[in-house]
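Should a chain be cited, it is by its letter among A, B, C, D, E and F, assigned in written order, with residues numbered from 1 in that chain.
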Amino acid sequence: MKLITAIIKPFKLEEVRTALTDLGLQGMTVTEVKGYGRQKGHTEIYRGAEYAVSFLPKIKVEVVVPSAQVEKALDAIQRAAKTGQIGDGKIFVSPIEHTVRIRTGEADDNAL
Amino acid sequence: MKLITAIIKPFKLEEVRTALTDLGLQGMTVTEVKGYGRQKGHTEIYRGAEYAVSFLPKIKVEVVVPSAQVEKALDAIQRAAKTGQIGDGKIFVSPIEHTVRIRTGEADDNAL
Amino acid sequence: MKLITAIIKPFKLEEVRTALTDLGLQGMTVTEVKGYGRQKGHTEIYRGAEYAVSFLPKIKVEVVVPSAQVEKALDAIQRAAKTGQIGDGKIFVSPIEHTVRIRTGEADDNAL
Amino acid sequence: MNFNGLKRIAASACTAAALYAGSALPSLAQDAAPTLDTGDTAWMLTSMCLVLMMSIPGLALFYGGMVRKKNVLSVLMATFATICLLTVLYVVVGYSMAFTEGGEYNSYIGGFSKVMLAGVGKESLTGTIPELVFMCFQMTFAIITPALIIGAIVDRMKFSALLIFMSVWMLVVYVPVCHWVWGGGFLANDGVLDFAGGTVVHINAGIAGLVACLVLGRRTGYGNESMAPFNLVLTLIGASLLWVGWFGFNAGSALGANTTAGVAMTTTQIATAMAALAWMFSEWLVHGKPSLLGVASGAIAGLVAITPACGFVDPKGALVIGAAAGVGCYIMSTGVKKALGYDDSLDVFGVHGVGGIIGAILTGVFAVEAYGGKAGLLEGNFAQVPIQVYGVLATVVWCAVATFVILMILKYTIGIRVSEAAEVEGLDVALHGESIQ
Amino acid sequence: MNFNGLKRIAASACTAAALYAGSALPSLAQDAAPTLDTGDTAWMLTSMCLVLMMSIPGLALFYGGMVRKKNVLSVLMATFATICLLTVLYVVVGYSMAFTEGGEYNSYIGGFSKVMLAGVGKESLTGTIPELVFMCFQMTFAIITPALIIGAIVDRMKFSALLIFMSVWMLVVYVPVCHWVWGGGFLANDGVLDFAGGTVVHINAGIAGLVACLVLGRRTGYGNESMAPFNLVLTLIGASLLWVGWFGFNAGSALGANTTAGVAMTTTQIATAMAALAWMFSEWLVHGKPSLLGVASGAIAGLVAITPACGFVDPKGALVIGAAAGVGCYIMSTGVKKALGYDDSLDVFGVHGVGGIIGAILTGVFAVEAYGGKAGLLEGNFAQVPIQVYGVLATVVWCAVATFVILMILKYTIGIRVSEAAEVEGLDVALHGESIQ
Amino acid sequence: MNFNGLKRIAASACTAAALYAGSALPSLAQDAAPTLDTGDTAWMLTSMCLVLMMSIPGLALFYGGMVRKKNVLSVLMATFATICLLTVLYVVVGYSMAFTEGGEYNSYIGGFSKVMLAGVGKESLTGTIPELVFMCFQMTFAIITPALIIGAIVDRMKFSALLIFMSVWMLVVYVPVCHWVWGGGFLANDGVLDFAGGTVVHINAGIAGLVACLVLGRRTGYGNESMAPFNLVLTLIGASLLWVGWFGFNAGSALGANTTAGVAMTTTQIATAMAALAWMFSEWLVHGKPSLLGVASGAIAGLVAITPACGFVDPKGALVIGAAAGVGCYIMSTGVKKALGYDDSLDVFGVHGVGGIIGAILTGVFAVEAYGGKAGLLEGNFAQVPIQVYGVLATVVWCAVATFVILMILKYTIGIRVSEAAEVEGLDVALHGESIQ
């Protein structure tokens, strides 16, 4: 199994979720994160005090998939999350050695 | 070392924490996340506009443990987090190659 | 590529970010997390009801770097995040097998 | 003389009830030079504070809690800045155009004799209160009415365009209609009943809101993205302060601490509660759950609908008006809006427009001579309802046309809508460089 | 006649102080037909607004900020909906049963002569103010009292059961006790002193809260899970608005802008501040840290305790009453509650019940003839304290029994508690389909 | 006799306008024993509530929204606890020292004849209102003034030191200056004009804030870490309630529901709106974006600047004063503060100090005889401006010296600043054991 971690623009979450479920992936975990990168942030000014906000709101989508489905998933995510604008985000793939479904104790692919 | 990532129901956090500390694990990091899966969400209606809330609040517990302790830890988490109801969550195990304790510079198992 | 995950004290974020950008690392993702460890929490009392708050606010910095740069990055983070006080946090290194830049489709090191 | 007479007309329109019942404001009833009544003045000073509180923080919070997090501050800003700008504008010219003799055009608009409050001296009185207090009280009506429109254009209107629109709209739409009804204009003379501003304030704002949201177009993502309210706690605070402040609006429109104020307070409380329940139970029936946003919206609908009626009807009438407003506004703000697909974002038309029309017409039905000096349909006066309808139509037509023209001119000159990028980023950061943490 | 006399008793109960001191309300003191006083009316119109503001948003926020995030909206909803429902109920029958002649049962309950405000005309007066204003003012008391009980049953009561309970409780518990003390019932005749409602409002609500939380049972997870307040900023806003609004409650109970109102305002401000400090320092001593929730709770305790006394005691008495309430309520709401283990979630009994009892009894101790026309223990009148205790007991017994019976009937018919699943999910989503983001 | 005369001076200082215009308060103008006016009393009861609302929740929220999340509750706590502590202190000794005859030292400080309100009976009057109401009204001024200073010392001052500082400061700085201007002290006799407290309240608080932030030093991380406001929604609510409540402060200072109150209400509304716009547009020009914090800050600046002038100037004067305050305070709170590098955290000096000075001096310029009975520079009275400057200087010098000494003594005894660890953790948890979720 692999863990696919995608950092995307917040308003793209719904599209990404649909793209993944269309592949038959039935679960994912998302986190509100802040991202720093090529996309520049903005400046806020409060009574003359300027604060550069260089971290922008992003959504991290984590989905663990059977190794076989990694390609399709990467594809789907990229297509769904892409706007072509700077700041679209990244996708990272890393290994998962073992998975357990807490409710049933099922393991690995059966746990997904 | 391994990173054990558990997605659990929020009100189970205390039990899971105790279960882990009882094993002598002295640290962990938790994140508020939203989960999508078999457990169905709810619908909110504001002045007739319906919004399906399909992501449910979950807690992500991350704990890095010496490889030797992975089994015990998985066990402890599963027992503590289980309600038997759909939505109890998952546990994922992934490899950690290197660890550093910022304060002391200690490395790997000594850093945990 | 490697994923470097650093759990640090919130007010150290700016310093860590600068340290990393000084290395030419152009991106990172941060998450507000809560940490449990040797550093003790505090107690809150509301009308006599005491609640022990054992999870402390921390910041999780995640940066994916080319394997070659791991050492330099670890160093930089440790130097920037260190106060010498208990609770400074940890740094974990884990493998990343594949990376994609959503905007361009570029892969691996080029995607960073 | 003319001048004094005019003032008395201005006042009497508001206190028709008192006048006809003939005694509540003795100094108005007789022709002797009026003298200051400290009790009436105390209540009107208080009423001005209450109505101002309706706008800030009341209305600002009521609206602010309903938008998405990224736009909350922009809604508060739009409301607060509008209040400030229109306060100045009203003092400079608005009051004069609303409440002075307009010469040959007096049926339609007042004159400029009191520009910059010229001749409104410290000792000058309106009825039994200082004219300056009367002016301040009327000002609070003139500034909240345009502010109500904000609910229809949130999340997408340019701030600069908003300020210009508000200024022009107050002078071209609010002030004339106010003059028609309360300043001695043609609607007053034709016998239209509007105790505290159902027509002048709410129908006016409601129609303008509808036109504005149509001209502006829908919010980006409307129908697809979730636009669930950020924090209904703010909306609840706002609705509550609107309710409390509304007693200054309605009972204050008696222009004194008299029995008419007592009637207005009672009918307002009854209709508001009834409308809130009506909306809540309708929703409970239809969607299976009663909601906080629903009960709060119902309360506002009731406040709106009782506004023109509060000094003219009795408790029973107030109950019916409240029930009708609760159900009527619920249907318009949910089913009908969805069906027609326009994005009246926070239901300015659905609540203020619809509620105002329901209230204006039912005033003609439930007016009770013993309470407000005017008989309604139920007391056999068949003439009143048509007059009320006529007042509504006059306002709707003028407001719709004028609002449309103003917005079109702005649209093709400076532009009225922010860029899509700004809309996605959120107006708080894009327009004001601020954000909620 | 009887009718007028009754009204005067109703009023005089509230203004005992004024009456005995014999002059503050001249039009009441003599038998000549009372005439409207615009100053008194202005203050009473204002007072009604202030007391309404205590409930919404005051009380709603005070309670809402203390629960967990998932239940905040449900607390606001319970308060707001209760206010609306009871407003209608009070107009329909509550006012009549509280303030009219009850015939042979008059010592216990009023009659139905003013059902739907029959005969409460525009011109009818109570003392020097319109009866409609008096009715609205009294209504705000009748709607906030049941709303206070909400603090004891948050996070677990069914919304439908809550609405029914509130309605029945107002008619079966509040209205009779109000009649006993202010409507010419037996407690008034026996000389019980309760200037603004320590017994009628606070002991009543406090006892009902205790019974309700016992019948309902503890919140799921009580003692194990953290139930730390979501956002004390809301609680601070609520406490502040309660404090400000309480001047309408206490000084408004003078039924006019007179010297008695001045006394009530002064003693209220003093006792409140003193109680807040007393709670804060007790806590500082015991737990090592002064807290915002503590100082705010102390302020409410002081407001509660001075309520029955505010028109009868002098500044020194107010200081002592405040100090006693601050310390007493602190002990009951923290140590004692913990020891006994009942889940009076937001301390309705600990603050309103205990504070009300302390205040009621100390009124009998510190009453000063020169201020309120009644001598207390310190001035050698040994009779008053026993009378006060008797008043407290009568209320406690009736309230406890009636509340218990009502809840039991509901429990075994429609049920009063939500499912555990709903409790875990949170009432905002489970009951109202809404949430705070 | 002396006693009555003194009271009249006390009152007349506040109502100079009324007196000179010679009629608004007839019972004061003539020497006959004054009688209670229910209308005046109604307005003053209301005004006390409004001014209290300015402090809690107004000021608490205005400040609380501007700090970082970890310190919000500590700001609310500091404000609320200060209000409570000073209420008690004012009743015990403050009122007496401010408003009684001080014998040979009377030019500088009052006496102790009314300690614990001795002799302030139920029936005793000040002008046409109960003295107890006058005392409560004055109390609200005495408690908000020290509370204003909190904005300068947030995020770093010890709570215990804060309470002691507030208590001593009220007695050593506020009370004397209040006596100088309103209690028959030397500034009143020298003809300094301060209608509602520009000097007594705002310059006083502003200077004390500046001294305090200099003695305390900057917040840890100032200039490096982001100290962006946590939630400007709270600040907006606070600013709005301050604005609404300020009518009690300014129009209430007429001590009655009279034409002077009407003037004060009008000029206050105009200057506030104008100042808000002035700040907003300055900012828009300089930084390219108009901000909510800016427009709200401008409104407060305008309220501050019009305070000394509100009963003396006409609408035109109010417009100019507002504009001057908006621009002046904007410059001081942004550019200048940054340049000088002191950490007046929430701009107590920049807004209250600067605004108060601008207002005090411009009062001497724009005073209009027909409105306030006093001619200003524009009407050819060249004497007034120097007198105003003299009043400002006297206050600045005394306030600066006394504040510095008090803080130094505290610094070298119990200490005034929390540990850096506590500052990093946040005062909510460190000092009060509470937090916002």
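Note that in this section contacts are C-beta pairs under 8 Å (C-beta built on N, C-alpha and C of every residue); 3 or more make two chains touch, one makes a residue touch a chain.
In this text the structure is predicted, and so the values were computed from the model without any measurement.
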{"item": "Subunit F and subunit E - chains in contact with each", "value": "C, D"}
{"item": "Pair joined by the larger number of C-beta contacts - C-F, A-F", "value": "A-F"}
{"item": "Separation of subunit D from subunit F, taking each centre as the mean of its C-alpha atoms, in whole Å", "value": "34"}
{"item": "Between subunit E and subunit B, distance of the C-alpha-averaged centres to the nearest whole Å", "value": "47"}
{"item": "Gap in Å, rounded to a whole number, between the CA centres of subunit E and subunit A", "value": "53"}
{"item": "For subunit E, residues that touch 2 or more chains besides their own", "value": "37-40, 42-43, 46, 228-229, 237, 257, 287, 289, 291, 293, 433-435"}
{"item": "Contacts with two or more other chains, residues of subunit B listed in rising order", "value": "31, 44-46, 94-95"}
{"item": "Set of all touching chain pairs, with the criterion as stated earlier", "value": "A-B, A-C, A-D, A-F, B-C, B-D, B-E, C-E, C-F, D-E, D-F, E-F"}
{"item": "Subunit D residues touching subunit F - in the complex, by the definition given at the top", "value": "36-43, 45-46, 48-49, 52-53, 56-57, 60-61, 64, 72-73, 76-77, 80-81, 83-85, 87-88, 91, 116-117, 121-123, 129-133, 135-136, 139, 159, 234, 237, 257, 431-437"}
{"item": "Residues of subunit C touching subunit E in the complex", "value": "44-49, 51"}
{"item": "Of subunit F, residues touching subunit A in the complex", "value": "66, 226-229, 287, 289, 291, 293-294, 297, 333-335, 337-338, 347"}
{"item": "Complex interface listing, subunit C residues touching subunit B", "value": "2, 6-8, 31-38, 54-55, 58, 60, 74, 77-78, 81-95"}
{"item": "Residue ranges of subunit A in contact with subunit D within the complex", "value": "11, 14, 42-46, 53"}
